[in-house]
Amino acid sequence: MIRLVLTRLAGFVLTLFAASVVLFVTINVLPGSAAKSALGIHATAQAIQRFEAQHGLDRPLLVQYAEWLGRILQGDFGTSFQNGVAVGPELLKRLPVTLELATFAFIIANLIAIPLGAWAARRHQKGADRSITFLATILGAIPNFWLATLLVLVFTLTLRWLPPGGFTPFTANPMMNLKQMIMPALSLGVVSSALLIRIMRASMLEVLSTDYVRTAEAKGASSRTIVFRHSMRNAFIPYLNVAAVEFGFLFGSVVVIEDIFLLPGVGSFVLVGIINRDYPVLLAGALAITLFVLTLNLVVDLIASLLDPRQVKARNA
Amino acid sequence: MDIRSRALQDGRPTLSIRDLTVDFPKRDGAFRAVDGVSLDVWPGEIVGVIGESGSGKTMTALSTLRMLPKRAVVSGSIELGQRRILDLSPADMRKLRGDRLSFIPQDAMRALNPTMRIGRQVGEPLVLHRNLSFKAAVSRAVDLLRAVHVREPERRVEDYPHGFSGGMQQRAMIAMGLALEPELIIADEPTTALDVTVQAQVLKLLKEIRDREATSILFITHDLGVVAELCDWVYVMYRGRIVEQGSVERIFMDPRDDYTKMLLASTPTLFPREAAI
Amino acid sequence: MSDTVIQIAGVTKSFLRGVNAVDDVTLSVARGETLGIVGESGSGKSTLLRMILRLIRPSAGSITLDGRDVWAASGRDLKQARRQMQAVFQDPASSFNPRQSIGAILAAPLEVHGIGDRASRARRIGETLERVGLPATTVSRYPHQLSGGQRQRVAIARAVIMRPAVVLADEPTSALDVSVQAQVLKLFREIKDELGLTSVFVSHNLAVIREVSDRVAVMRHGKLIEIGTAERVFTAPESDYTRALIDAVPDPFRRFRAPVELESGS
Amino acid sequence: MATAAGFDFRRWRLVLLGGLLVGIVLFAAIFAPWVAPYSPFDLDVAKMLQGPSAAHWLGTDELGRDVLSRAIYAARISMQVALLAVTVGLVGGTLIGMTAAYFGGLVEQALMRAMDLLFSFPAILLAVVLMASLGTSVLNAMIAIGIVFIPGFSRLARASTQAVLRQQYIEAARSIGMSDIRIIFREILPNITAPLMVEAAVAFAYAVLLESALSFLGLGAQPPDPSWGNMLSTGRGFMAQAPWLSIVPGMAMFICVLGFNLLGDGLRDVTDPHMRE
């Protein structure tokens, strides 16, 4: 068991390290000049040279990476090219916002997907299954930033129930925090649920067609018992793994959603970094989002492994 | 010599199927998988149904369990004891399965839930039909596993199926089927996936169970050898119909139907055929 | 009759976990004979066959075909070896590419070895199909349109179309119903005699092995337990394992006399 | 697979419905100059922010341009980006996946590790970072989105190839001495195209979404060139006065994505052997 956790953790660290290399290299071969966007288009050649020397941009990439990694490991994410603000503390301030958004969105997506997907599978090729599949098809075709726009149109501009955006810490004003969070979380969660419904339905269908479900039926188990005692756990194992990966894949949308709802999270930090070509900001933000996704995958993967006695045993052996 | 000695028995057969027909509707008409099958299984008897693929033997077995695919259209009558199986409500049918009537499938590895401990699976019929707690059911499962010769059953009930060998998995399935001392066990090719040496052990176990508990067994197979070793009475099926029935001795010594004769002639053997007399 | 076609010497295949799938097997196959290899699952019989076919590389030992090392061969020698040795596989459902017609499937070995032109290949395919008892129209059909027995006839056609010296068969009738199995085995024996083939026939079914083999090798856990003429192995087995295996077979004719084989002219 | 009995409408209905929606979008994209009632660039300050009317069915934008015409021209950009991006992803992913599965060992390890890594980045984030690196333009958007698709296609191609490699016809091909290249192109590729085509349809939908998101963020098509993403982005500024500016581009994306998703689902059902009778 401990071995299983350690193996997964090692994989997690390795992937994170490799991801940092990819991000660093990609961002540092940017053709657009950071100096120009920091200093303005009319900056002189000397000013640019001075800027690059000051930020160490004129040295070999490998050296730059090693230094950057070294500093990051000490918690120093550098300073913004744009305004000289330290990136680390700023990132730390923004992390809870995105964490809250991600958590809500993931919970919403699963709350919708698990029961609907399981129900659809149980009613395979019946009315309920067709309706749920149809719903998933419709939801899956809605761009989440359009859904966000429509939600604002309805709940803010027309009904005037919810604020258009912004962020209040939960500790400062829980009610306000939730009011501001609900639309962004729905935009991300509802659209992601479309894919998760399909995954849950497919996993459950697979299990329901197995011989061991037939055995349970032959023992005289009711359809309820079959679903809850014999199928849920087995369907969850593939569901969780796939769901986490797919959710992570879709999670990049925080960049757009945070922009729409003026949430001061990591996503909008990345966007600012891109628009201003602010390397330290962009790198730190992108790394943080990747970290989110990898952590989610790690946690879910461990849960799925625990559910599967074959894996627990295989890793221990 | 085809006097059914068993017909002289007192009382009624455990299972009695009359004019069973199973149709699968298709776009152009219907496919008739079982065509007017009648058969009986008497108390304490092992009855073999032998046929090649597509003969309808498995469909006959599944009809008895009422576990056919939903689109199948069934007619005729099936009686287990006094109960008319085809007329039972789904809830009443469920109460019968695993209690008075149990099923042993072909592939035990797939038939066991990979994420549930053996003890819980073997004991589950007691939970479903006798309202036992899982704890009590698992302690009963220890006895059941011992009865099918699984070693160290106290420890084995805690195992998951992947820790069992193929033969042990099939023993666990048999133990599960015996949990409530059913009137009839339906076994669908239960030894086909096993190696011959393991198969021999499982067949021996089934005979032993019949002798000990006087359970009736309906045994579905494509293997003439298995029928010869195990069964008392044989039905030969071909294209949805029963073409011949008789005691196992009669079928092998004096086959009358052309299909049965062809089947016998086709079966490879370790004992070379005698020259024509 | 006693010249050796296949010589297997000290062949071992070890997989990762230190278990030997095939463990130091030495045996030979003489020209024109059929060697049956029998064993339960995990005995290594199929792995051994695949090593002869050059599909799995042995960890140790040598396999020679007509005196040439199969695994050391390359270029022309390898092509020659491949031409000499053809295979029939078990699963009639997966042993053909579902997107190719039977004609294309049968033409493939001829094309690979550059035998004949279009017309002569077509002629040869027609003759071979006829020989295995399939109508000439089969060329334009696809595998899923054929029954299991018909597919195994095509498999035999694919193996003999190259006019090889050796045919290696891996459980070729295990997925078939007994009545079809009997027909396919009969065809196999006829073709073998007609072409004077040497063959290795792997099966878990002792009775099938007895029917087709001149000599029989019994394997267990990767080891060769015993080898001898079919008559000897089945009537006077030397090892306890072979004895146990024979006793375990549920053979209907142990209890009841075997009927005379039908003249199956079908 | 239409049978002699006639065209099976039920089986193909999703493909037909998806095809219809996709057809409408493609038609608009290809024949935009003829279909669109106005030029997408013609300004008319006198007519700015007018609601839907007989002259302008879907109203006008903040510069008095015809919204319908802009939405039609935007389809062009979306289709171009999606087509090229899917091609990049499909070709790149298939080559990588097939190579990995066929050669196995270290080659496979290295390639698939790299794909896992690429897949661990959220899609939009990766596209955004690549766009930042490559510079904002439509061509770069195509490349960035294409790269995002490579890991998905490569995993699918690898899994499908592995499934084919387990089939005995591969062993048969090897045993007759067929070369690797010939096995890959003659035996494997034709048998993995169906799942790849299904995935391509779904990827097309996702490419449209990604392109719109990039343009929405100002990283894709640049104004005044119309794209659904930048139309929505501008429209949000006038949400209270002119909601149609937000609704129209979203609706266009929705129809387009829905069409490709339905097409993908339909193709999956049609090509899935389990769905066949």
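Per-chain numbering from 1; labels A, B, C and D assigned in written order.
Everything that follows uses one rule, which is that a contact is a pair of C-beta atoms (placed from the backbone, for glycine too) under 8 Å apart; a residue touches a chain by one contact, two chains touch by 3 or more.
What you see is a predicted model; the values in this text were computed from it and never measured.
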Target chain C, source chain B, minimum contact steps: 1
Chain pair with the higher count of C-beta pairs in contact (C-D, A-D): A-D
Chain B and chain D, separation of their C-alpha mean positions in angstrom: 53
Mean-CA-position distance for chain D and chain A (Å): 22
Approximate Å spacing (C-alpha centroids) for the pair chain A, chain C: 55
Whole-Å gap separating chain C and chain D, where each centre is the average of the chain's CA atoms: 49
Touching two or more other chains - residue numbers and ranges from chain B: none
Multi-partner residues of chain A (at least 2 other chains): none
Residues of chain D touching chain C in the complex: 166-169, 171-179, 182, 186-187, 190-191
Residue ranges of chain A touching chain B (in the complex, touch as defined): 210-212, 214-222, 225, 229-230, 233-234, 237, 307-310, 313
In the complex with chain A, residue positions of chain D that touch it: 116-135, 205, 209, 212-213, 216-219, 232, 235-236, 239-240, 243, 246-247, 249-250, 253-254, 257-258, 261-262, 265
In the complex with chain D, residue positions of chain C that touch it: 50, 53-55, 78-79, 82-83, 85-87, 89-91, 94-99, 108-109, 112-113, 158, 162
Residues of chain C touching chain B in the complex: 40-41, 177-179, 181-182, 185, 204-208, 210-211, 234, 244-262, 264
